Amino acid sequence: MDSEAMTTVPGRSGPPGWLELQRTSRPLGGAVAAGSSAVGEVLAEVGRSEADLRRFLHGLPGVDQVGAEARAASLATRSIKTSSKLWALEMAVRMIDLTTLEGADTAGKVMSLCAKARRPDPADAAVPPVAAVCIYPDLVPVAKRALAGSGVAVASVATAFPSGRASIAVKLADVRDAVAGGADEIDMVIDRGAFLSGRYGLVLEEVQAVKEACGQAHLKVILETGELVTYDNVRRASYLAMVGGADFIKTSTGKVSPAATLPVALVMLEAVRDFAEITGAFVGVKVAGGIRSAKDALRYLVVVNETVGEAWLDPSLFRFGASSLLNDLLMQRSKQLSGAYAGREDFSFE
Amino acid sequence: MSDERLVVRKTYKLYIGGAFPRSESGRSYAVVASDGSFLANAALGSRKDLRNAVVAARNALAGWSGATAYNRGQVLYRVAEMLDGRRSQFVDEISSSEGTSQEEAAASIDAAVDRWVWYAGWSDKVAQVAGSSNPVAGPFFNFSVPEPTGVVGVVAPQSSSLLGLVSVLAPVIATGNTVVLLASETRPLPAITLAEVLATSDLPGGVVNLLTGRAAELAPVLAAHRDVDALDLTGAPASLVVELERAAVGNVKRVLLPQACEPDWAEAPTPRRMLAFLETKTVWHPVGL
Amino acid sequence: MSNSYLTDQPEHVVWEYSPAPESRSIVHLQPSYGLFIGGSFVEPVDGNTYRTENPATEEVLAEIAAAGLGDVDRAVEAAGRAQKTVWGPMPGAERAKYLFRIARIIQERSRELAVLESLDNGKPIRESRDVDVPLAAAHFFYYAGWADKLEHAGFGPHPSPIGVAGQVIPWNFPLMMAAWKLAPALAAGNTCVLKPATTTPLTALLLAEIIQQADLPPGVVNVLTGAGSVAGAALVAHPGIDKVAFTGSTEVGKDLQRALAGKGKHLTLELGGKAANIVFEDAALDQAIEGIVNGIFFNQGEVCCAGSRLLVQESIADAVVERLKSRLSTLRVGDPLDKNTDLGAINNADQLEKIRSLVEEGEAEGAVRWSPSCALPEHGYWFPPTVFTNVSPSQSIAREEIFGPVLSVLTFRTPEEAVAKANNTTYGLSAGVWTEKGSRILWMAQHLRAGVVWANTFNRFDPTSPFGGYRESGFGREGGRHGLAAYLDV
């Protein structure tokens, strides 16, 4: 990161710590777009130099692993039944980014996926469409055509997904390509190598550059929490992404294990909550990787509900990156409505 | 044509990684009763079987040593439940293997179950007895904790086919070690039946691996294997012991030597067999504002 | 293009959790219960009975025997005989197997025990299911394993039991307290006469049934339900009782200690507390908030070791209180048998009155009271989670044990001040410390006069971990190797 390019603000002895930002926080008054001036102000204060950024990130409160996991486990004991379960199942469907990210993907596969995204349950038109499909950039035009007029968004991964190991020029070209193809949302990966070697400024700059290249498209920033390992790192990376202009922070690429877990989601939701308090900006959270059962999905919704609250119980602020989850949600929904357990072949698998 | 129903005989195989494979060598040997009559063919384990067993034991170590002591105690208690449930099967097997009366065999299995229960109850107490906080002369909190050594190779007693076996096996796993065990050469059948008990007791696969075969063939391989951390030579033939001790030196294995003659397994044990396979870790941390 | 999923203002959603009731049908309540003496359920000699109710609804659950002096005699006699002729001489390995059986059956009947505990005590089913019953089983497992290895416990080569133990337990963790008392006593070779709390006899009686199922020799465990002032007092004073163990209020504990002066009985007491939960500015904040909530609202705050005083470093006090209030708005108060309930009913009317009167005193003394809005049921004994700020150390709500869901918030500036304030009490049961700095945790632990120090956690219990207080929180330890000391003649 080129620190000389950053303007210095005279008269300050150092960047504000997290606590100071809390004290001067703005009251929450309606959702503010994540790239707002409030966020820009925070960015200006903490992003002046690598050292300032490091001090800010390392000054955030730590996360006690055992305590965080215990809280997540306690929330997982919530028992969601009857009408509250039905509501949640349908909300979860609406929150899905229906995903296919395989080397073997073809136009045919993507078109099939889009058809399912528009109409998840062929036998029941009451089932709402999912939020988006999530695919590789070269298949964006196929998806755009297949989803035209449906309200389902096209999300594309980019920035040399999943590893992120390429030059910034290549990564930005990847983004521009997807945007040009019509992508409504971009799921980028942060440079974990840079993060883990402490080059926070580089990570921040890349998020900012990608955000710019996104244009009108919404940006989800994948932290790849499985590679970050500690919850302290997850908290710091969350803040980095948000200060950089993320519309969403996302747990994982789904290509690395462990991917999304309840405690990781808890920590990210806490970061999002605190960030909203400081800036008034609402950043969304997407959990991806390994979420296969409706039971799991409902647990995530409970964590959202009891950590950041109802405002985030909406596809505009919470997503599931998943593929097989959809059918399990449909099966559970079917059981709720009919009383009998559905069979696997009752739903198309793609 | 006899009226007697034909028995479906058990095939005695090895116990490795939670499964019951035959020896990869395809060999077996005849196990005979004390009166010379044929009992069964047991697998004649090979060095490759042993190698596989060590791999299984190593793979199981992180999970078993990382389980809570409470959890290990629960699993071991479950083993005792299963063992007690098969009492009459063991009475027959011990009696025919060792040539003892049914009463003596019964006393043996009863003692084996109680011995197993004794060790099951130790898993969550060893740290309190073998660990300590140490009052060092300085502003430090200092504590010592016992930790399992790792993969332990055990040569089971040659004579006491169940009680002796249990007495050397239970202490090693109660504290979190995993085991590759060579059963008695001439009396291996109760050991394999014990393996069936272990397999139905929620004991994770690979925590105990049990081989039957020739001590002279297998023990030296076990002793020299660099991924085995410790050895219990209790049942090793006297003529082999020195060679085995020397072979163990390669990776500085902890070695528990056999006594002059096989002990009286009916005697109450001491914590010795657990402590022999524990390391002690001492941690310092300053105490200050 | 406008996508339907993209809204600037998400529509206002309220996700109400539907009721998720645990079924009562697994419990087979009898209309009346006898005393458990000499291995059977018997009628009390004087025929006196009383009723136990469900504190969440005030519904009568069953008629319970009220033990009189004659019953105490019978029970102590049965226990004495059993100790001399059966249990004392029995090899430890056999005693161990009985205790393992009891542990196993508790596990097998865990759901039944959990539902019954919630019905009789008022605590949420989630807690009885996930904490009380598993810990009760675990205590029996742990001490079962000591019964056959007492010579290795560090009390000499031949430690012997004391004799007959008279054990009086409170209503806040009925089954768990029974396990804490019975397991070590029996493992060491003593026999027991247990007096459960008046308002919570049912799980002790079900435990007696389990003890029958385990075939425990008659007289080894006896259960006397009834009034503390009658059965309890008579029990502890009885000449046939060699060892007294009491868990309850400091006030009653002192009465007991006075009554036993000169009687030569072994005695252990586990009494009240007013624990300080100390949060430093460098604490892992979200987990510290959970720790504060857990510390005072777990079990409705009816916990001797509850973190009833929050000592928060002044620099973060406002932020902590704000976050705490926000967190408390997600706390669910209501039907104990609903699986989503976090805070259940107060156990009895007397206790509710005590809480109310102390809270009124707090307000009168100038502290500022706050509770999240929560709808409390019409019937039953309920108190909302309550936080007092603007509390000074001299106020009654900062000094007296409330034993309810009421937190008093005080501040400090330095670790030394925190320790001084934390120790400024006649109690000394527990304390909590929240900081990311290891040396400070250890320094605080060293200086806090409390029998249990929880660092970056709170209300954690384990059968291997000794529990007990300093000073007026009592003496003696339960749990661990140390827990055997109370029951061995050493």
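Going by the order they are written in, the chains are A, B and C; count residues from 1 in each one.
Here is the rule we go by: a residue touches a chain if its C-beta (ideal position, glycine included) is under 8 Å from a C-beta of that chain, and two chains touch if they have at least 3 such contacts.
This structure is a prediction, so every number in the text was calculated from the model and none was measured.
The chains in contact with chain B as well as with chain C do not exist; no chain meets both. By C-beta pair count, the most extensively touching chains are A-C. In terms of the distance between Cα centroids, chain B is separated most widely from A.
Chain centres defined as mean CA positions place C nearest to the mean of all protein CA atoms. Centroids of chain B and chain C (each the mean of its C-alpha atoms) stand 41 Å apart.
One finds 43 Å separating the Cα centroids of chain A and chain C. One inter-chain figure worth recording: chain A and chain B are separated by 50 Å, centre to centre, where each centre is the mean of the chain's CA atoms. Touching two or more other chains at once is no residue of chain B.
Across the interface of their complex, chain C is touched by residues 19, 22-23, 30-31, 33, 61-64, 66-68, 70-71, 77-85, 87-88, 94, 131-132, 151, 153, 184, 218, 270, 301, 305-306, 310-317 of chain A.
Residues 93, 96-97, 100, 138, 141-142, 144-149, 152-154, 415-416, 438-440, 442-443, 446, 463-464, 480-481 of chain C are the ones that touch chain B when the two sit in their complex. Residue ranges of chain C in contact with chain A, taken from their complex: 1, 3-20, 126, 130, 281-287, 290-291, 315-316, 319, 330, 339-340, 436, 456-457.
Within the complex formed with chain C, the chain B residues making contact are 69-70, 73-74, 77, 114, 117-118, 120-125, 128-129, 141, 270-271, 285-289.
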